[in-house]
Amino acid sequence: MNFRSDNILGCPPAILEAMARVNDTPTHPYGHDPITARLNPRFSEVFEHEAFVFPVSSGTAANGLSLAAVTPPWGVVFCHRLAHIVRDEWCSPEFFSGGARLLTVDGPGAKIAPEQLDGQVRLTTHAGKPSTLSVTEATEAGTVYTPDELGALVEVARSHGLAVQMDGARFANALVALGCSAADLSWRLGVDALSFGATKNGTLTAEGVVVFRRDLAEELAHRRKRAGQVSSKMRFFSAQLEAYLADDLWLANARAANASAHRLGEGLRAAGLELVVPVEANLVFPRVPRPLRDRLRTQGFEFLDWPALGDDVVRLVCGFATPDANVDTLVAACRA
Amino acid sequence: MNFRSDNILGCPPAILEAMARVNDTPTHPYGHDPITARLNPRFSEVFEHEAFVFPVSSGTAANGLSLAAVTPPWGVVFCHRLAHIVRDEWCSPEFFSGGARLLTVDGPGAKIAPEQLDGQVRLTTHAGKPSTLSVTEATEAGTVYTPDELGALVEVARSHGLAVQMDGARFANALVALGCSAADLSWRLGVDALSFGATKNGTLTAEGVVVFRRDLAEELAHRRKRAGQVSSKMRFFSAQLEAYLADDLWLANARAANASAHRLGEGLRAAGLELVVPVEANLVFPRVPRPLRDRLRTQGFEFLDWPALGDDVVRLVCGFATPDANVDTLVAACRA
Amino acid sequence: MNFRSDNILGCPPAILEAMARVNDTPTHPYGHDPITARLNPRFSEVFEHEAFVFPVSSGTAANGLSLAAVTPPWGVVFCHRLAHIVRDEWCSPEFFSGGARLLTVDGPGAKIAPEQLDGQVRLTTHAGKPSTLSVTEATEAGTVYTPDELGALVEVARSHGLAVQMDGARFANALVALGCSAADLSWRLGVDALSFGATKNGTLTAEGVVVFRRDLAEELAHRRKRAGQVSSKMRFFSAQLEAYLADDLWLANARAANASAHRLGEGLRAAGLELVVPVEANLVFPRVPRPLRDRLRTQGFEFLDWPALGDDVVRLVCGFATPDANVDTLVAACRA
Amino acid sequence: MNFRSDNILGCPPAILEAMARVNDTPTHPYGHDPITARLNPRFSEVFEHEAFVFPVSSGTAANGLSLAAVTPPWGVVFCHRLAHIVRDEWCSPEFFSGGARLLTVDGPGAKIAPEQLDGQVRLTTHAGKPSTLSVTEATEAGTVYTPDELGALVEVARSHGLAVQMDGARFANALVALGCSAADLSWRLGVDALSFGATKNGTLTAEGVVVFRRDLAEELAHRRKRAGQVSSKMRFFSAQLEAYLADDLWLANARAANASAHRLGEGLRAAGLELVVPVEANLVFPRVPRPLRDRLRTQGFEFLDWPALGDDVVRLVCGFATPDANVDTLVAACRA
């Protein structure tokens, strides 16, 4: 049983069906098709604001493009030391931005502490131009900034003239955890560019960059084309995103994943394991002593060690289609 | 009826079926899955040589990555003045390579003339380091280099120490046109890096970079990850490529497309139109006087003007699923 | 005797004296010194417009930075096919701009023909965003655009929304040839960014980037620092530029160089040699049959072959301190 | 009196005299001159090993080029958190390398602790490829690694396959502090690329990149040209470096600077001020309470606050020509 990542799952049937439907009719390539044409209006509806969405093929590309849209090549991006962009993306932010710098800030639960952001920006005198705050929502520790928390952070960012980019690889998980609207967690807080995660939560090969200003959209059109992210059959990416939003599939998926994680977290706690951060989205971080870890792996459970959050900590990820039975089996194995 | 591009079509059922099959079983993300693991052996079989394939999401990315793998940031890439990389990819080769220069060479039928390549390289003294020959097979004019022609060109390239990259957006169309093996048209001729086109010929969202040396493969692994081309659910790209090769689907598709184009070309010639280049793959370039062009468009035919090949020239593209009826209707409309 | 380049000469005594004077007094590093502080006012006076000057250490850096200030990484720069930026700077424009593309345009005497610029821009649809016209004044063929000629070219550029950069490696030579003011040949025509040549005409190690708008100045401050062009002892670059302008030394130097070239050109013509372009600045391009060329070299004359301007053409360069005796000796040797 | 930086001083007379001598004779540009030709042999002598030196115009360029020569665009460079490359160079390492990442390591006295290097490299799994150790000798805190200390650090670097770059902005100060040869502190320890500081210690506008392997030299030739660091009158940079080494001027200068700093440090300690790091080269870091700091500034003393080393810490820099009288006046002012 695989708790290694959200990405071990494929997609709900609706996504493949949407792709199959698109396949029936020849149409214009490179995004000049009716499916893609429907995306901006649809996202504008979802976000309650004029929105421009750019389908891309990976979260790394979405992060790189959205960061580059708001950061000059000599700009400094401030992010949490546990952020995906700084730990996992193989110098991709530097590549997409043409040389910007990431500087890390700390804070409990993988959330940036406002006063630490303020301090780090003030220390940045000749390293580069302080340019961008990057926040991850939900965070890499599975915690969720409240709108108030994000607001406080954005206020610090604005006081230093920083733009705000959001890595929303688990944006839907955060939304349903908070009971927030997409607007409440993005442009209303001052988010300029959003990496709109979809793959972890149910699409196959489609992510999106969402911006709320026409000037950023124009720049992104250039950047996306140059980065090889204008697929000739873009409609198959667009169809995934459309089906993902239809009938609130994305929110239902996120709710299922979060519920699984809560079930898992409660089960583990009841089994006597300590959770080093509270379960707020779809990630669970228990401390699992090595003998138990080894035994679980021998029994076929798959998961990653996560030393960044402490000794013996492992990461367990639930997805939109993680069966309760799997969760319960893992809990039982831990209890045994 | 749309003759605008190969990309107006979707995919044969086998491609979507392969994606659906993959969807059944959770597995490791980021390419650490059994489908992706089968790709290198399969491509090695097809190419009769140890081959390393990197699934990516667009032809522009495939070209950019394959060029960058063999060209330093101060390198000069020599390509035909009609090449896709120099006319259509929005400074993407510069982006992926970190600043390499494209210099164009001429030659009839969109094929580089060896003596012109030689002359252009000799003139390149302080512009940058002559580094790479990029050839397009089949070409942007729908012509096909014979292995002998390519061999002569590669010989010039080698005499100047250039690496050889091939834009194979229509590689399959060239293969079946020539009756060649994949090996005959790649490493045996000295091709170092191949942009293996698949989308135009039947996949939905999957292209590949193919190299034949381990050192290039190692470098590409870095470049691909940095460029956001390691999809978390890479298996859905890999499945498309696998199904594309299975039962020689790719060759059958290319044969169908080429046959349509021949049918179209012959029909048009019989209708009294001049073809400015011979039909060798799946593209047809007739000279269509403006009144006829306007009338065709009014009747709902879609195609692009192609002034690069002469006054009044248009481009007509046939795909793997272009119905004969469409071809015949267009011919009839031209005859009328 | 060396007619190879303007750069074979050092500097007039005033330049070294200015450096020695600066050496007497400790002062703030990185350009926060009184000499550097005087530069903007002085250049504003010379250009009769608010001007911002950035001392840099080479013409390649000056071109790269000035191009990058007005060209996005996906922008296309149009320049003459004989321009220094495209023939001699080792992919440096790509490096400084982060990946912009150079496309060449033709025209007689190394001057861009307006209608050819117009045609080339119109053909540039998907190669990248048409962004910048780069003109060289005086040109690489030693010819000089008149203000009217430049005006016509800039008008075409503006009609396509292009910015205008000028490679002024021999700006002073053009000014004195035309009897123009610096303003007449720069911002009044619509030049946005000027690579202000000084080394060829009398400084040792100092060039300048000059812009006429505060927003470009702000961007250049970032770019220059990032490119390692903020020398810690910048005052020694600034002192050279100040002395170069003082008492119109720069214009006197350019007049001397141009006069030498005219003397040489007339002498060679009188000796029966054909000049393939008229002498307008400080470069002379005679056709010199191989036997004569070989004899001249045997006699110790140094110069470069310049096949770009025709068979048997050589380039002869006069500088601010080329002795008349050298000119006359060369003429005599040709006559013999 | 200015204790702000080494760069407030100009140069000893010998440097300007060397430039004046070069000025007498026309010669080939772009480094094809006899002065530049003498540099490699001279540096090889000084370093007791075949050495290749590339004169450049700033320390930032020297660091950027030397880092880029040994670090791929997806490489991670490990440096001390106080290193100049990470705090002061405006994203220049990213620019020159095409996107490499800097990750910081800690250690007392601005020296990297070997076990911290080891830990940081081990944590770097998906951020980028661990590629380079960058050490600063003497450090930004004015301390000096002993050869043994550096050796231990290089050993850790080698165990992870890292290349070693040295920022030698104050290399001469370290040499004389240790009584070492240049060889002992560079290639013998495994340093691959050295940013050879000269400006801080007596040249006007010349720094150098020194490498000890022909392959790195070849790559640097490309990189330097592309970066606009091939000055057309390179001989004036080369002459400075030659004069700098002649008669051990560089070592004499460094000795004078270090002696001044020791005199200053002892004086301050005697005056009751605490030095937060020992004086080993030419930098002194006393803790100076705000009232005294303010008074000193009112009296005309100039220096920088240096909070990175602690509250109330200031940086005092002595140069090759800091008069003892200045030192004594400052000490007296502190004592008062």
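Chains: A, B, C and D, in written order; residue numbering restarts at 1 for each.
Basically, contacts are C-beta pairs under 8 Å (C-beta built on N, C-alpha and C of every residue); 3 or more make two chains touch, one makes a residue touch a chain.
From a predicted model like this one, the values you see are computed outputs, not experimental measurements.
When the contact pairs of A-B are set against those of B-D, C-D or A-C, over half line up by residue number only for C-D. For the pairs C-D and B-C, the larger set of C-beta contacts lies at C-D.
Chain geometry summary: the mean Cα position of chain B and that of chain D are 50 Å apart. Chain centres here are Cα averages; for chain B and chain C they lie 42 Å apart.
Work out the mean CA point of chain C and of chain D, and you get 34 Å between them. Residue numbers of chain A whose C-beta contacts span two or more other chains: 73-74, 89-91, 95, 98-99, 128-129, 222, 225-226. Touching chain A in their complex are the following residues of chain C: 72-74, 98-99, 128-129, 222-223, 225-226. Within the complex formed with chain A, the residues of chain B that make contact are 2, 4-5, 7-11, 16, 19-20, 22-24, 26-30, 56-64, 89-92, 95-96, 199-200, 204-205, 222, 225-233, 236-237.
Every residue of chain A that touches chain D in the complex is listed here, in rising order: 73-76, 86-91, 94-95, 98-102, 123, 125-129.
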